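In order of appearance the chains are A, B, C and D, and numbering begins at 1 in each one.
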Amino acid sequence: MAGSKFAYVRNFELPDPLLQETYIVLRIDGHSFHRFSEDHEFAKPNDVRALQLMDEAASSVMETFTDITLAFGESDEFSFLFKRSTSVYNRRHAKILTSVVSQFTASYVFNWAKHFPGVNLKYPPSFDGRIVLYPTEKVVRDYFSWRQADTHINNLYNTAFWALVQEGKQTTAQAHEALRGTNSAQKNQLLFERFGVNYNSVPERMRKGSVIVREEVVNEDGSPDVGNKGKGGKKRVPTRVTVLHCDLIRDEFWRERPYILLE
Amino acid sequence: MAGSKFAYVRNFELPDPLLQETYIVLRIDGHSFHRFSEDHEFAKPNDVRALQLMDEAASSVMETFTDITLAFGESDEFSFLFKRSTSVYNRRHAKILTSVVSQFTASYVFNWAKHFPGVNLKYPPSFDGRIVLYPTEKVVRDYFSWRQADTHINNLYNTAFWALVQEGKQTTAQAHEALRGTNSAQKNQLLFERFGVNYNSVPERMRKGSVIVREEVVNEDGSPDVGNKGKGGKKRVPTRVTVLHCDLIRDEFWRERPYILLE
Amino acid sequence: MAGSKFAYVRNFELPDPLLQETYIVLRIDGHSFHRFSEDHEFAKPNDVRALQLMDEAASSVMETFTDITLAFGESDEFSFLFKRSTSVYNRRHAKILTSVVSQFTASYVFNWAKHFPGVNLKYPPSFDGRIVLYPTEKVVRDYFSWRQADTHINNLYNTAFWALVQEGKQTTAQAHEALRGTNSAQKNQLLFERFGVNYNSVPERMRKGSVIVREEVVNEDGSPDVGNKGKGGKKRVPTRVTVLHCDLIRDEFWRERPYILLE
Amino acid sequence: MAGSKFAYVRNFELPDPLLQETYIVLRIDGHSFHRFSEDHEFAKPNDVRALQLMDEAASSVMETFTDITLAFGESDEFSFLFKRSTSVYNRRHAKILTSVVSQFTASYVFNWAKHFPGVNLKYPPSFDGRIVLYPTEKVVRDYFSWRQADTHINNLYNTAFWALVQEGKQTTAQAHEALRGTNSAQKNQLLFERFGVNYNSVPERMRKGSVIVREEVVNEDGSPDVGNKGKGGKKRVPTRVTVLHCDLIRDEFWRERPYILLE
């Protein structure tokens, strides 16, 4: 950006550093995905192809941004956690936010054909994003618990709703009406009694969403695959971005992966 | 986002409204496009296919965001101007910024094959973005003048540089050395004397960049094509997103298009 | 602030520059002044001593901050306008805001005895403040019109209210009840018919508030008192911080003082 | 603030909430206190009257803002720590910042005569302030350690400097020259050998600054003075704002006062 007499306009750019030593959580949401999913005939209540495409886009983000220690996704949203000490892009708000959203979007469109073979992408989908700072480990855990609890609530509702529509032959209005005011136990009961569905046997992918972590690579004998020396000469166990569908509300998940919140 | 006991974490989201009655300028830049352009063998100094793909992505943004009155692009960057009174997304910073960057990115990847027939997209490119607020008409004009002056400076340099390399058979290091410290007149002279190139005959697309506006649709006889009544019963002349390669530094451009800065 | 191993904590300070070329309006409000005015037996509906003390504190701020071109005060509040090009304290938000609020407060306490001779200041009063940015001349004018319209509305109400209490011997509850839902004309009529008060004869200080400007100093013959050469060798007419009680809603006020919004 | 047609200008006020669950540190600094201290002939290197006046202003702030758990002051500055869960003024940045700075300033001017009997306050002093957020206990402790380390460094220098000037009869330029590049040990040695001063016998007030905490009120027999039941019926031990001059860098200080960082 060379120096013309107009270059003074750069001075209107305001700095936007994110507070240090706080966890950066970045959440991406699909834009108008209700319509997008209809236009592309996503299966209901869940389209595995669409979920796997989301996972792939999120994984590509984690491959690029190595300071992301955890991601969680459901439906058309994904949340990413940066380690609290990250200095990526000098913690500049807009730079981090747009780079992640853009890469996620690009990867989604790029990998469409792989996950939807034979399905034409009619128009490019888009996503929005936001960053929220969380200052303590507790509230970071509660954030991810919030999203996973939401997954459960939404999926149970949608499973019952689409059972009523697809197998119960109700209209969508009737199905909404039938579920109005019901609690979880009642939806479980409805699924089991009317449709023979044991909700707990629904695949974990649907009930738990996608949890993406960096797992250590182990050798065939189970020992850590100690790789080359990293900076400072310490050997580091290499890690691999891995998609799980597990509970992250309980302590166990975090106890087994102290690195997520450590630095 | 249903109400679990974890929902309190939403309260950590901070509001981010942009100051009212200021012009919002949003600039998008390609991420690592030097490498991306080499990996995809872009022609030098300019690859028309790549520029047209940028124009198409920018035009798709303007089709969606009707409060954008002007866009300007060169190389791997594009700037968008929202009218000062816009209330799109209630002027929420992150929402506007990420929605535009995401749609631009998605459109770029989606339309790749159309502009690069037979060229495989090896990996998804990404873009970052930023918003800068400009409070006065003058400084908005100076912003766009800054970008177009930059286009000129860069393109003259690159035209001379690649002439030295491609026709002059110099190494890139030699070409950089040959141009070090030269002014515009000297580069013009070099192009003309050594390579018979009159810089002013280089296509305007290269020298001026891409200026995207909303032009009124006219009938075959040149009269405005008055369309249907809009809100409030006033007939509005319909407009069409149009890509130009013209000078926007001079008054003329703005005088002919008062709507750009009006509202 | 010397360099110990703890000095890294400075990096948590975030920059807070105010957007360039926007008007900075800084408003100060008395904290718990209802109680403060009762504890110090302010006259009702207006205590001229208290208003003059506010004017003096505001004038002292304007003497110090020469980029303030206008101030407006009523009751326990004062608003200050910085010229849009000001670079005071490099436009750092907290620095400007706290410096003005602190000086105003200090001046208020310091000058108490001068304006309230024989009245003991029982405890130190305090003020809060905020900065709002306004990008256009129109909205700056509307801001000050808003405050002066507010002065009128409040003062008319208070004048009627205290007439009912002090001369009408009503309780405050009865007086509030009597005025509920009345418009301006009705309050004027009530003042005139029941108490023989022509509201327009109430001093302008009460009806218009205090408008503080920099007036040019004139010689006895009315000619401008051209002072010493300023920077750059141009003779500048010296100015004096002057308190007026005039209408600032009409164009006339601004037409006569173009310097307020000019730079 | 009644509703005229101008009231829309309020919409330009931007929200400014401080991130939840982070420690709010607010530091106040004297404005041009070098000149102020000369104009009022403060004793050098330390004026106990001035320090006690600062302590009184800070104590008054702590009496008002009960969510402040710790304050530290030296020279013409004071830092205040709000508990991390505070919801004072809904954590609005400008409101908290200006209210504290204003009260501090008001108290300083109000109490001048008490601490400087017979010394005329020539003009009102002012202070600026800033808020910095600290997300962890560690960095809060390091912040206060930074300030106290600074106190030590400055006071040792000033003590040596004024000994050279006052007793050594050096000019200030000579004294600065004599101290240039010396470390702590050398300054201690100089004080002892040339002026017979054991720096460790300098009063703790000078060497450690002022640490203001809320100490529990104890009965004469040393038992806690359990007061009335607070909200929720729990008896609370009443506390008293207390000025100490002690080390706060070591663990001991914090171990004895867990309440400072707890909530």
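Operating definition for what follows: contacts are C-beta pairs under 8 Å (C-beta built on N, C-alpha and C of every residue); 3 or more make two chains touch, one makes a residue touch a chain.
None of the values given here were measured: they were computed from a predicted structure.
Student: Name whichever of B-C, B-D or C-D reuses the A-D interface, so over half of the contact pairs are the same residue numbers.
Tutor: B-C
Student: Could you pull out the chain whose C-alpha mean position is farthest off from that of chain B?
Tutor: D
Student: Decide which interface, A-C or B-C, involves more C-beta pairs in contact, and give its chain pair.
Tutor: Counting C-beta pairs in contact, B-C comes out ahead.
Student: Taking each chain's centre as the mean position of its Cα atoms, how many Å separate chain A from chain C?
Tutor: Computed from C-alpha means, the inter-chain centre distance equals 52 Å.
Student: With centres defined as the mean C-alpha position, give me the chain A-chain B separation in Å.
Tutor: Distance between chain centres, rounded to whole Å: 31 Å.
Student: Report the inter-chain centroid distance for chain B and chain C in whole angstrom, where each centroid is the mean of the CA atoms.
Tutor: The mean C-alpha positions of chain B and chain C differ by 46 Å.
Student: Where does chain C touch two or more other chains at once, residue-wise?
Tutor: Touching at least two other chains: 12, 14, 19-21, 133, 139.
Student: Which category does the touching pattern between chains fall into here: line, ring, star, complete, or other?
Tutor: complete
Student: In their complex, what parts of chain D are in touch with chain B?
Tutor: 11-12, 14-15, 17, 19-21
Student: Mind pulling up the chain C residues that touch chain D in the complex?
Tutor: Contact set of chain C toward chain D: 1-2, 4, 6-10, 12-14, 31, 60, 94-95, 97-99, 101-103, 105-110, 121, 123-134, 139, 142-143, 145-146, 149-150, 153-154.
Student: For the complex, give me every residue of chain D touching chain A.
Tutor: 19-22, 84, 133, 135-136, 139
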